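The data blocks that follow each hold one structure.
Each of the next two complexes has chain A plus one other chain: chain B in the first, chain C in the second.
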Partner chain A sequence: MTFLPGRIAIMLGGRRWRSLAPLAVLVVLCVLITIANPNFIELRNLVRLANSAAVPLTLAMGLTFIIVMGSIDLSVEGTLSVAAMVVVLLAANDSNGNDYGWWAVLAAIAAGTVMGLISGLVQTMLRIPSFMATLGMWFIGLGLSVYMLGGSAIRLNDASIRNLALHRFLGLPLAVWVALGAFALAAVIQYHTRLGRHILAIGGDEDVTKLSGVNVVRVRIAAFALAGFFFGIAGVLAAAQLGQSHAVIGDGRLFAAVTAVVVGGTALTGGEGGVVNTLIGVLIVTVLANGMILLGISPYIQQTVQGLMIIAAVALSLDRVRLKIVK
Partner chain B sequence: MNEGFSIKQVFEGKWTQGAIPLVLLVALLLIIEIAAPGFLTGETLALLFANTAVLFMLATGVTFAILLGGIDLSIQAVASLASVMLAQLLPSLGFAAFPVAILSGLAFGLLSGIVHVKLRVPSFVATLATGGVVTGLALWVSNGRAITIEEAGREKTAWINATIFGLPMVVLISALIGIVSFLALRYTRFGRQAIAVGAGEPAAWAAGINVDRTKIIAFAASGILAAIAGVVLAARLSSGSPVLANQLLLPAIAAVIVGGTAITGGLGGVARTAVGALIISIVRIGMTFVGVNIFLENMVFGAVLIAAVAITIDRSKIAVIK
Partner chain C sequence: MKDSNGLVFSGRLSRRTLMLGAAAGAATLAMPNVLRAADKPTLVTSIRSLSNPYHAVWKTGAEAYAKWAGLEHVTLVSEGNSEKGIADIKAMLAKTNGNMVLNSDPNDTPDARPIVEACAKAGAYVVTQWNKPADLHPKDFNPNYVSHIEFDGIASGKTIAEILFKAIGGKGGIVALGGLISTTAAIERKKGLDAALAANPDIKLLDFQVANWKSTEAFDLMGNLLTRFGDDIKGIWAANDDMGSGALEALRAENLAGKVPIVGVDGIKTAVDAVRTGEFACTITSDPFWQGGMGLAIGYNAKIGKFDPAKEPPEHREFYGKAVLISHDNVEEYYKTNVESKPEINWNDLWGRVTGAIRA
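What follows is the complex of A and B.
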């Protein structure tokens, strides 16, 4: 059954055009917003744009590996809030006497990685679909962080960690450079390591990958741990940007990350797309959010627009020939 | 059956899978009765049922989606939107606000179903997306704030908080919903077809069942029930808010799975969900009773969800577990 979007996709020339579509959307979006409000291309606004893209970009890097593998990680918000909680509670803060400085950052990233590792173990060892395993982990992480924070907001007082958001290098906040570093790391992992190739192979066809002698279970666990690693970094950045951690630090992040990955052109069926697509996807989501604010559209409606974007992007990108049953 | 008797077999038998949650429920009730004698009286039980009502309505809706082998991650958003609409519209529309709020649930349930089926988007993504659409709308309509139902509006919601013959109205509403859903699944063409689709979609399709229509109806039902739950919640709390039901998504899904409905579809039903919802409710009361920190509830439910999925899932149905 070819429904309208499918037909449009075919009409527009199939795979090759499709891979360029996100970039075209991004360019058109930038041009339209600039025409409507020239303030958009002011340097100050572009820096603001880069700053608000930092956390979503880092998150989406991790999520990309999972989606390319054909799975999903719904624990984004839970893992992020655990990492943010760890960094705030271990670095100088207004709730306890800890002051471990950058060790707190390492601990937070480690905590994120462990959360991801558990997701991977639960998914592969208990043999349950990833969306259920990570749905459980989402709330386990959320419950843990809210419990540790005692249900209140705790301020981060460590100046050097706060500098991630406040200090600028070449005009951009350090958080943006960290996010770009995360992107570079993700790109290297995807294109130049065995793990990256195996993840892509599993997404393409898990049975064939298994028959080729790849230890699928180990790759899956490693991929979830890798995703948790990126979520951990994002948690640190989020805590540094907000200057605190609280119960709702993760709210809406899963949604933005999934939108970015999917809009970038990574197929939910797996095996197609990658971190470069996601970079463009993150920019589309951030530019649109920024543009809506510049155009005076209620920020509350953003989630609605993102939701519609997910639907449109997935409908356009799903490789329907491979999908006999959609559940 | 001349194979050896093993615990694994017992756990995998359909009959025992249906009975385990019930045994668990009875055991939990007995434990609480022993720990705090006087629990099993009419009054506390009525309170227990009343506190379970909203959860049960949400869970019954998701049961339809899960029975088909799908999932609905938009129920908390739909319920919150319904609560906002009720609170917002009561002053101007009066009693007409109830059907309007509930119809919004129908509309977004239909949207989820159509996106899922016609655009062939997996249900967890389709409903995650519609959930976002709905949350955005709820935030927009309410300006991001909770809306209190004023005195005049409270007169119109009073009937939901009333008691009839010693039974809270919410219990009667959820019982009615439970019975109608139970009958719909067991005795209507839609119900039988839904179970057939969940049990084996290609076979159901080959047998001439309109798979698409069945799925859309199921998601529409889930939307309506979520909206009713939102309306009842708003009436009980005398307020509507765009995040009112956010904490209920996980318990609702957990209730369905703990009750013994498999996420692989085709096995389970509303009666099991009723048992599951009561178990979740009692565990929640029990945690407060034992002194478990309220913030840890989410952790417990997350773990319970994973465990229940691992036990009830039918792995023979999924070629590759993604």
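What follows is the complex of A and C.
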């Protein structure tokens, strides 16, 4: 079993140069943007970049496990909004008298995990494809938040939770440290635990994995619960950053997370890629969004540029020659 | 359709469910007779949903007016479904035998025509707000189609821009956050901003970006704009309050909250609170409480013959309502009368907030 630094060394050693493509894209992007606008590499901007990457990174960590497994989790926005709703309603807020402090955070993460667990159970026990099972969970989560929040935005008044976004440690907001912690945890799970190996194995070939004696059902349920756990953390971070929660706090996060995972070089078919790829993918997407503003690209064509970049990044990083079928 | 299917299937499952369904149906049939017995017209409010604060306040305004006038009031919710919205109104027309006054925020622009035609046919009086096709006019349905009310997005965008310019001392750079590119409100409010900019050459628009009405997008966008322009940003213009509040949190993360004034549109509670703390320079609202109550009041007064719609001037038939500005000067009073308690409105002042006929 190779440890994380060793793994990066292998990537850098060029055993498979294609796995380096996302990193190359990231570096080229940074260099080009810096040439166009030197403000980009200012420390203040790098801190802002890290700050806007915090929520997407935490989300994408959870999603990576699911995509590596060859499944998909569409419940990202629903689970995130449930977690954000729970934390806001249980901590000090401007709608009810609750003030459970950090217990609210734990409850929110637990709620996210339970949502994931249910997705996993629905998928394995009822044998419903992950696409439909998690689509259902997305709407259930969203509906739950709309109902609990009464359609309005509720402010988060707990100062210590707000400090996740406002307080800084070594120059970086606490949210960034939390996201880095989530990355470290995900990396450990993927590379140093049996669960991580089994998830990758299922993505590679589920039948073979089953024949080798792995309890595929249990691994699948665990993977969805794990994803829900990360979505829960992301929900808390999102609520802390915005200082409020409303049902649509997750809007657009699903697409951003899937984009980051795929641009990082993780194959949608499963069995390839991982959390290190996703870290790079998230940075590419965040740097791109930041760069387009720095370069003053008109909002009317930003989406087009983003689409072009996604196709370019995936074209470079996927080994399409080996693909027998493209569908 | 859906309901009848449900009934059939449940009938298959058990006879008791079928009987229950039949009993409920019979009860519904009996209801119109009860309503018909009343001489006073029924007030009917038709809105999109109760899950957003805007329409929730609209409903409170409608109820306040109904209580004041001593009339029966019913709220119909379309849940964003045009067919349901129209069908519910037709059902109410049948139930009341046309003896009703409707104040409708049609779910979609084309919906206004079938709603107005059904009301005119049944002899009910109707007021529409926000959405109607350009070729549908109250004067073509005298006297039943009383009025159509909108709020001028250009004026709102311009007013808040002027207050922002004043707040930053009449010169310097600002950034603007626009709504979803294709929506009328986004286009109109931006036009208002452009008009204000043209009149104030010392103000420089550093950048116009689109955050699609959302606080989350505005939050990320604002961070990036701060990198690009840094301290050159003296003020922020947002096409709605939600984006403004996202920008405010991005400022707060950089210790800039309250130092760079923000303006928005809608008058949501977060924004009103921010005006009180001085983090927002102002927000502006169409006042859904007034819309909910006055729409019914105008229709009801036409119905009981207080005025003849056919004899009213064009600016009473299709008009822009006066938006309420909430700024440093009046925020405490607004908070007391609108947030902490229900506002007091003179329901007899039908035309007090008319600012002019709607542009063709």
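What we mean here is this: the second predicted complex is superposed on the first by the 282 of 327 C-alpha atoms of A that agree within 3 Å, B and C clash if a C-alpha of one lies under 4 Å from a C-alpha of the other, contacts with A are read in each partner's own complex, and residues count from 1 in each chain.
Note that in this section a residue touches a chain if its C-beta (ideal position, glycine included) is under 8 Å from a C-beta of that chain, and two chains touch if they have at least 3 such contacts.
Quick caveat, the model's predicted, so the values are computed rather than measured.
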#### Entry: Dominant toucher of chain A (residue count), chain B or chain C
B
### Message
By the touch definition at the top of the document, which applies to A:T64: first (chain B), second (chain C), both, or neither?
### Response
neither
### Query
After lining up the shared chain so the two structures overlap, which partner does A:S81 touch, if you call chain B first and chain C second: first, second, both or neither?
neither
### Query
Is A:W138 in contact with chain B, with chain C, with both, or with neither (first, second, both, neither)?
first
### Task
In the overlay, answer first, second, both or neither for which of chain B and chain C A:V146 touches.
both
### Task
Using the touch definition from the top, say if A:T209 reaches chain B (first), chain C (second), both or neither.
neither
### Message
One more residue to check, A:Q190. First (chain B), second (chain C), both or neither?
### Response
neither
### Task
Identify the partner contact of A:Q306: answer first if only chain B is touched, second if only chain C is, both if each is, neither if none is.
first
### Task
Name the contact category of A:R48: first (chain B only), second (chain C only), both, or neither.
second
### Task
Check chain A for residues that touch chain B in one structure and chain C in the other, and list them.
146, 150-151, 300
#### Entry: Touch list for chain A against partner chain B, complex
1, 3, 5, 69-72, 122-123, 126-133, 135-140, 142-144, 146-147, 150-151, 206-207, 255, 258-259, 262, 268, 270, 298, 300-308, 310-311, 314-315, 318, 320, 323-327
### Summary
Within their complex, chain C touches chain A through residues 49-53, 56, 178, 181, 207-210, 214-217, 219-221, 223-228, 230, 242, 245-246, 249, 252-253, 268-270, 273
#### Entry: Touching residues on chain B, where the partner in the complex is chain A
68-71, 115-126, 128-137, 139-140, 143-144, 201-202, 250, 253, 263, 265, 293, 295-303, 305-306, 309-310, 313, 315, 318-322
### Query
Which part of chain A faces chain C closely enough to touch in the complex?
37, 39-40, 42, 44-45, 48, 51-52, 94, 146, 150-153, 155, 165-166, 173, 238, 241-244, 246-249, 251-253, 289-290, 293-294, 296, 299-300
